[in-house]
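Below: a set of structures, written as structure tokens.
Two complexes follow with chain A in common, the first pairing it with chain B and the second with chain C.
And then the complex of A and B:
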């Protein structure tokens, strides 16, 4: 029995982190369990969808195409999790870094710039450029209190698309940049637009690497410093943590993950425009992180994947399904509800909004919580209000 | 720029500024009392414009200007009272169901909830009235006006500016002279101590939300009268600009919010005049970032709030 538990613990250390006040003793095995877990998930997914009811929704290549896109959002959510989940900083302009990564690729590999650099090094370049912008934004603003930071990042997230839209000469304005060169591998050759498999494998590899790195950072001195700041910035500072540098690193690492996702996104869709990076994208990623469970790497990844699939597949299916039921229209006085004509895709953001409010009120730690975060968030429930106030003041 | 254009643009700036100031007051009041950036406030303004659209166009059946002055005044008073009342109640409901439980939760929680509420409001309106831009009846003839020197000044601008200043003076009197106003100020200063002195915190905060949201509702009616259209996404931009105004004036300070609103109005109008219309948002947000970095207390703010 105990051997079984040991096996489970070492294989699924990531799924059920054993973290307490003294830290996580299992992280030596975590990299291995991430590789194993991701390989298993990535291998099974394309076959699970051959089973009903999933098989009825879309063909296998379409599903895999969707999974490759879902991977982009998993990457984005993992990056935002560093900023929001670990360091406790609310970044509402996260899509800006995604845009910066995507435009980096457009400058490095498209007819628009006349340059054709290979995809793989550009991944790093995109991550680096986004990180630099993260530092540029963070350096002056991270001294601000948390809620001001949220507004500043929101403003930044608005400015970046405006700049890309208006600086016509450099960005081709509202039309965006198209005809991006696709990635290539030495033996395999150039990726084809219609074949989702190489993109799928690439994104799985990227997510795996990102998860391993993020787990290792999370369990390092830096990760512990983030959590200390999140829990009590004043106490963290008096323990000798340089709060500005630490927060800056969270910002830069979060931004670089978005940059990475941006490069991959640009290489996959091959056309980008400023309108693909509006606030709705930042909001969607935030909803993924909150739903998944702020601070838990696997939880956030799962949250992002599930939310993406719900928005891209299930709402569409729901439309068709409800239409076939042929429910009669209901008439309540001045209001007519005809459920068979409802377009559920329209309700996507309403659902996110309800989910955010509901989660915050009922289960702030998310669906797959990080144990430490859970303890923190429920602290307030137990302590009486007056005490809490005194602690804050 | 000749004198005529300059005068006209100043009037335009004051009108735009008056709308921003009305919205900014709600941000500043809520922030002053519970230190929450109410992201949903811009959308409360948006919903207000739809409530007034429904009342005037769908319920009362108006399509254009009303020429009978007595009828015009009556309808306007009714429209403002109705929209402000409805939005006040909406604001109180938002506070009651979305924010009250999180008053002692970690900071991140109410902020995320506020963003959620913002999206809920936007989408409820989108589902109710569709995603298209809708025309609102402009009860006051927008062409009518008078010459001030060589500048043509529209009556509607005079109306909007007067209304906003009137509401601001009313708010100022309420906050400084009444018992409830005193309760609001003491709650903002120190919630604990106020409670010990017998102030009903929950009622006070609810009243604050009512007034802030009612002012946004008034701005919503103005949106319809002045621009003649509304749209389910106008709240986002307007909210961000009004928030910038509140921060610029010194958040928590009602006079500052008014001053900030007019300043943003001037910046936006004169940026457009100089030919940078499509950059005006970027300019406003750059100002926001600069103010937050170099003078986080704003123009009139005195409180240096830095709590862990």
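And then the complex of A and C:
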């Protein structure tokens, strides 16, 4: 265990807080280390999957295609981390902002609206539109906390796809909007659907920028205010923090990241329908944040990537692998269990549930926790143990 | 406390009354905190000390009367706070309602324009409300239906406080706790933070140095990197004071700052209070049960009982007051 921790520490040595004359509690996360880390990961990934266990799963282009999609979820998890991990506001309807971003692109660049605006400015527009809706959702929910807030956001997450489904005239209803124009670059030309590389590079760039921005905000006055509100809202207000604007900003910034992801998603799949943004998506993103380690930008990103790859690649592979084992079907009375015919993809939510329960029991701080959260949860254990001893003595 | 000019009142309550339904927690209390002095608020349990404190700190609004701080009347608690989001949404909803009416007439062009106007209004009001510049506040004041003084507004006005039951940000380090206290007078916007402008980096390093200085001042030198929850009890109390000082208050409210401390810890705390008064020339309003503390450092004492002010004056005067002895020990003791 400690060896693992050491390995992790050495791996992330570049991300260690900088010790200055004023002490090292102030993480001055260095943007360069983010750029370097992302560049390294992004260049290594397409080659790692050429190695034996992975190379059997899919071809390299397929893998890279998958990575580009995984990047969307990394972006989403990064955004949700602001709302849930930093500000402590449980948001169960996060996919709504994803949808709003995607539909923004659909209105800006598809035959459906008859408008063809370039992709790059639309990224900003999508982020802005989602941010405005983040404020709209935030405004009436400011007085709510915890479970109550979760219920309202859950409602919002349901309302948005329903609106997109039923406002036929404006959204083409259940069929969704298709034929979105693909992004283009001045020299390179238009991105091709079959060539995943430009999408991959774009999403890596987006994730890198988002990470740097979120790190910078986290280290600033606003980031501290979010954490203060998470810890104790009344005390935060008594320290001069305007809790209303601070919480609204958390919603807006979280939503804008989802909007960004939505625009990229729409440009990549070129067809969107309301069914792509149901509660399952919100839940998946939340599971990614929790599994990755709430409050830690790298952890959340890694968590999202791992979870996405598991659901999109490994479960599929598991199907094939189990089928080749040729396990005999088992008869228990009227019930026949034939493991080789089980479609594990259909069990992904069961697996999420199991993973979450397992995490809560074994590693509540997530796979890659922030130092703070680790201390929080483990000190609590120590304190409980100490109390227990006192009681027994 | 110079001999020439008489000391001014920093804080004054005027006929302050606070009732919770039928229960009158404070009844018509007038008292003041003079500049550069330590004023203590004492009284038996349930006398209304904390209620008074919360009214002053902006956590609850007075039923009658008001609080004056630095000569200006302070409004506690937003009146009709639910109106604010309604105000934000009113203009666009009006535009949309108009659009709906227009659509009945079959004028599609007008409809589209009105929808766009509605969206524009919505975004504008939201953004102004969020940035909340002074003129937006003045507009709300002029409308007279909404007055905002949340606890954070009171802090901006210059009232810093600590809590009876320690309310630190437990999972943040001591240094970060103090930095949060400085939130109000850091001016860098999120955009500055994103761009790491020179303004922001300079402000951050200055505030970090200031935080370390404050921690040293209250006796927590070298503990800045420790999580607040891991500090010993006495140090947590000190950290709360450092955090309150970080808001650069003009008046410091301390709610039972020595509760649960042993005599030697209490003595060092008392030294800290006198230093804050003499070195920073900061007036302090203190709620305390420990009579050694109260009698030892107070310049003036106000005694509350059953929500009413029963005595006021210097420690010696209060100690001799028969009504105070009666309140604490009962009628027979006099």
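Methods note: the second predicted complex is superposed on the first by the 341 of 393 C-alpha atoms of A that agree within 3 Å, B and C clash if a C-alpha of one lies under 4 Å from a C-alpha of the other, contacts with A are read in each partner's own complex, and residues count from 1 in each chain.
The rule we apply is simple: a contact is a pair of C-beta atoms (placed from the backbone, for glycine too) under 8 Å apart; a residue touches a chain by one contact, two chains touch by 3 or more.
Please read all numbers here as calculations on a predicted model, not as lab measurements.
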| item | value |
| --- | --- |
| Overlay on chain A: chain C relative to chain B, clash or fit | fit |
| Contacts of A:235 with chain B and chain C, given as first, second, both or neither | both |
| Which of chain B and chain C A:135 touches, first, second, both or neither | second |
| Touching partner for A:245 - first (chain B), second (chain C), both, neither | second |
| Contacts of A:147 with chain B and chain C, given as first, second, both or neither | first |
| Computed vertex angle (chain A) for partners chain B and chain C, CA, steps of 10° | 80 |
| Touching partner for A:318 - first (chain B), second (chain C), both, neither | neither |
| Chain B versus chain C as contact partner of A:197, first or second or both or neither | neither |
| Touched partner set for A:117, first chain B, second chain C, both or neither | neither |
| Which superposed partner A:88 touches (first chain B, second chain C, both, neither) | first |
| Superposition-derived minimum Cα distance between chain C and chain B (Å) | 7 |
| Common interface residues of chain A - those touching chain B in one complex and chain C in the other | 140, 232, 234-235, 376 |
| Complex contacts: residues of chain A adjacent to chain B | 84, 88, 90, 92, 140-141, 143-148, 150-152, 154-156, 158-159, 162-163, 165-166, 232-235, 279, 283, 286, 290, 346-347, 349-350, 352-357, 360-361, 364, 376-377, 380, 383, 385-386, 388-390, 392-393 |
| Chain B to chain A touching residues, read off their complex | 35-37, 98, 101-113, 115-120, 122-124, 126-127, 191-192, 236, 240, 243-244, 247, 278-279, 281-282, 285-286, 288-289, 292-293, 296, 305-308 |
| Chain C-touching residues of chain A, taken from the complex the two chains share | 22-26, 31, 132, 135-136, 139-140, 142, 213, 216-217, 219-225, 227-228, 231-232, 234-245, 248-249, 253, 372-373, 375-376, 379 |
| Parts of chain C lying in touch with chain A, wherever the complex brings them together | 57, 59, 85, 88-89, 122-123, 126, 130-132, 150-152, 155-156, 161, 163, 167-176, 179-181, 183-186, 188, 190, 192-194, 196, 200, 204-205, 208-209, 211-212, 224-225, 227, 229-230, 243, 246-247 |
